[in-house]
Amino acid sequence: MTVALCPGSFDPPTNGHIDVIRRCLGIFDELVIAIVRNPSKTPLFDAAERVAMIESLFKDDPVEVDSFEGLLVEFAQQKRVDVIVKGLRAVSDFEYELQMAQMNETLSGISTLFVPTTPENGFLSSSLVKEVARFGGPVDTMVPALVAEALAKRFSDDR
Amino acid sequence: MTVALCPGSFDPPTNGHIDVIRRCLGIFDELVIAIVRNPSKTPLFDAAERVAMIESLFKDDPVEVDSFEGLLVEFAQQKRVDVIVKGLRAVSDFEYELQMAQMNETLSGISTLFVPTTPENGFLSSSLVKEVARFGGPVDTMVPALVAEALAKRFSDDR
Amino acid sequence: MTVALCPGSFDPPTNGHIDVIRRCLGIFDELVIAIVRNPSKTPLFDAAERVAMIESLFKDDPVEVDSFEGLLVEFAQQKRVDVIVKGLRAVSDFEYELQMAQMNETLSGISTLFVPTTPENGFLSSSLVKEVARFGGPVDTMVPALVAEALAKRFSDDR
Amino acid sequence: MTVALCPGSFDPPTNGHIDVIRRCLGIFDELVIAIVRNPSKTPLFDAAERVAMIESLFKDDPVEVDSFEGLLVEFAQQKRVDVIVKGLRAVSDFEYELQMAQMNETLSGISTLFVPTTPENGFLSSSLVKEVARFGGPVDTMVPALVAEALAKRFSDDR
Amino acid sequence: MTVALCPGSFDPPTNGHIDVIRRCLGIFDELVIAIVRNPSKTPLFDAAERVAMIESLFKDDPVEVDSFEGLLVEFAQQKRVDVIVKGLRAVSDFEYELQMAQMNETLSGISTLFVPTTPENGFLSSSLVKEVARFGGPVDTMVPALVAEALAKRFSDDR
Amino acid sequence: MTVALCPGSFDPPTNGHIDVIRRCLGIFDELVIAIVRNPSKTPLFDAAERVAMIESLFKDDPVEVDSFEGLLVEFAQQKRVDVIVKGLRAVSDFEYELQMAQMNETLSGISTLFVPTTPENGFLSSSLVKEVARFGGPVDTMVPALVAEALAKRFSDDR
């Protein structure tokens, strides 16, 4: 049985993230989705909100959602995962992720596999989606409905 | 149970290939290694020799080795694999492999995962190794012993 | 009035090419499509066949289709175009095309603009499509219907 | 008639920007230059100063200069432009700009064309120029004379 | 006699830096190591600490260690060096460094040479090492012993 | 005293090559220029012609010009050079050259340094220059006068 860990900020989850997770569910037996808590950044959605969004999106799948702070490899070892999986969109993603993968393998012996996003989602990023939503642009083809609603609510609260 | 397909020319297998396959064996339940027969190229080792080399290197592992000609996705469907895995060394590898992965997913619905090589093997390629061996350079830190012997024999036959 | 030149091998035209040409038609007043005749390569479709395919696909648009051999900039000067446009899929395309653009501007003073392909077509290339069609794989989502028929006919003739 | 929109921070405009705008003037009938106002950043020159600089540099050309805050595509739709044009220096520019282009086309249907900079200006960026000027280095081969004077004045005010 | 300047933040020096410096010592007659003081950033180790670390690591070599603020090329001219050398790990490093090299050559006529890191150190960066050390991860295979101790001390002071 | 080896095909030498060699002459004490003889390719100019061209271009400099077949590192060891230097134009050059540099260092312990070309020459390559000259295009701003004459003569002989 293969358990894979899928880490990320997911602030918020986009259709690109959903697509990578769906693909991993078709390949691995179980999936742990690990939301990074970075104390030096102020996220749009706090870790509990992000956990709740992803749990709601994958409530019928063999998915555990959790958040962590600190070293990814320590979290991976606690969860006893077999492998780390990361979505890849572009060449610039690739270089940074390769560097992280080599660091993580050196620290823990756990390998990282890369999952390319589908081309239609290749241009999506959480930060671009937030920028569009902040100015009232339409994001409903870029994120799941519950995320689009949460974005609309968050930015209307801001005004 | 997850069965992964690992395609390549393997002409000949290098320590980079071995390292990618070893890592896949730690992640997936079974591995099918698929040697590409390309009728428009003349390999240094014919398909049967390459199958025999890899079978010998992984004789104690849950590995099936076979060769194919034609579309990779048809071979993948015949073998009923769950996923295709490809080693990645560099950015230029990544772009071509991403294009192939998207084509293969469009044709068959089978995803491709990418496995980064360890940094020590990142500069190895079958064609570089052949060029070194052709001129009598030392390749024993770059390929398994049985491949080094086969290279030495092949090029001494040539002279 | 702006006339743009869109050069390429188009052996055969794919949905990626069609998409780039359609976009150029929405931007420029007239388009000259220039099919490169490269005497050192054997194309699958000869220049006349490729001209006929593209003329048929754009018969209702302000498009002139022609083929040429030799320097692109000389052909561009004969046709009195204002600008050269090239589709771009990936980073590796970009570097080569940038080098060609700088050479062509040095030789003729004519600028090159780059048109990114839509993400859905980013993985398409004439050579990949030919490889799939050669082995009888389905290409009807990758090329226009008349190209799919021409490919099927060409490869069935081969057998 | 083709109207193109050329967006950017232009803080300050460099010879690289000037070169891209000059080239666009040779291709398109009219040009709208759109200066991005980003409320979360403190520019060296405020939007009005940047508008004045560019207006002064192109006072004899069919160029409209304006600034905007918010979504580029909304500004593009207000100005009824046919196409967005962006200068491209390097591979890393290309990936980010491609992502933005795909997002903007999804939101508005407006295509983005890329204009490569001439090689001599490929290393110039507003931030590098500011860094050189801040320490009193010579920038007169990198920016127009009026920008060089504005930089000298701004940094002497700072001391 | 060739004197080379090797600039960087070195906050802290990693095995990747050490490896690049060792290689330069095998090629050039003398080496000036220039630690950048950037007043807009708060380093983990101040300039004096970084100078002391590198002096200690290369106390038996023809190495001068100094820090500077301002333009690298002015410092290079003061030190009368013949060439600037920079370590290169990845493609993304390369593009930025190429831009800097061209700017520096334009400003001073001094060329920059690039030294590739050994593959084993290609994934190391000062910021990744600090992140691992901050969370108590093992960094002794990534930095010299005296740096590992300084990191442990610095982060235990923080707690 | 530092002796550097500068290998390449130089078929023919372009202004990009000349620029890299001139820069190396400003940095290193002596330069060995090594022309690769590749028996599986048919060059436009044979090795003796290329040696003569480069000798003529650098007849007043501390430059030794020679050709070799086989492994570069063996030739480097025979010539007792301290370092290999390679010109770099683009990201795609960089990845291939990095792979070669790591292979060569593994085989011989000799490091490779990279010299970036000046931006004006970044688009030049021997193969592009030959293509332009073959069709009678002007190459006199791209190669030294003696190379332009040799190209004109060679291609007029062909007709």
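Letters are used for the chains, namely A, B, C, D, E and F, taken in the order the chains are written, and counting of residues starts over at 1 for each.
As a working rule, a contact is a pair of C-beta atoms (placed from the backbone, for glycine too) under 8 Å apart; a residue touches a chain by one contact, two chains touch by 3 or more.
Just so you know, these numbers come straight off a predicted model, no measurement behind them.
Visitor: Compute the shortest path length in steps from chain B to chain F over the network of touching chains.
Guide: Step count on the best path from chain B to chain F: 1.
Visitor: Tell me the rotation angle, 0 to 180 degrees, that brings the C-alpha atoms of chain A onto chain C, to the nearest 5.
Guide: So the angle, rounded to a multiple of 5, is 180 degrees.
Visitor: Examine where the copies chain B and chain E touch and state whether the two sides share over half of their residue numbers (same) or under half (different).
Guide: Chain B vs chain E: same; shared/all numbers exceeds half.
Visitor: Go ahead and note the Å separation of the Cα centroids belonging to chain B and chain D.
Guide: 47
Visitor: Approximately how many whole Å separate the CA-defined centres of chain A and chain D?
Guide: 34
Visitor: Just give me the whole-number Å value for how far the CA centre of chain D lies from that of chain F.
Guide: Taking the average C-alpha coordinate of chain D and of chain F, the gap between them is 38 Å.
Visitor: Give the residues of chain E touching no fewer than two other chains, as numbers and ranges.
Guide: 91-92, 95, 98, 102, 119, 122-123
Visitor: Can you work out from the touch definition every pair of chains that touches here?
Guide: Pairs of chains that touch one another: A-B, A-C, A-D, A-E, B-C, B-E, B-F, C-D, C-F, D-E, D-F, E-F.
Visitor: Tell me, which parts of chain F touch chain C in their complex?
Guide: Residues 89-92, 122-125, 128, 132, 135, 137-138, 141-142.
Visitor: For a test of understanding, state which residues of chain D touch chain C in their complex under the given definition.
Guide: Touching chain C from chain D are residues 2, 23, 26-29, 82-83, 85, 88, 91, 94-95, 98, 101-102, 105, 111-116, 118-119.
Visitor: Which part of chain A faces chain C closely enough to touch in the complex?
Guide: Chain A reaches chain C through residues 91, 119-123.
Visitor: Give every residue of chain C touching chain F within the complex, in rising order.
Guide: 70-71, 73-74, 91-92, 95-96, 98-100, 102-103, 106-107
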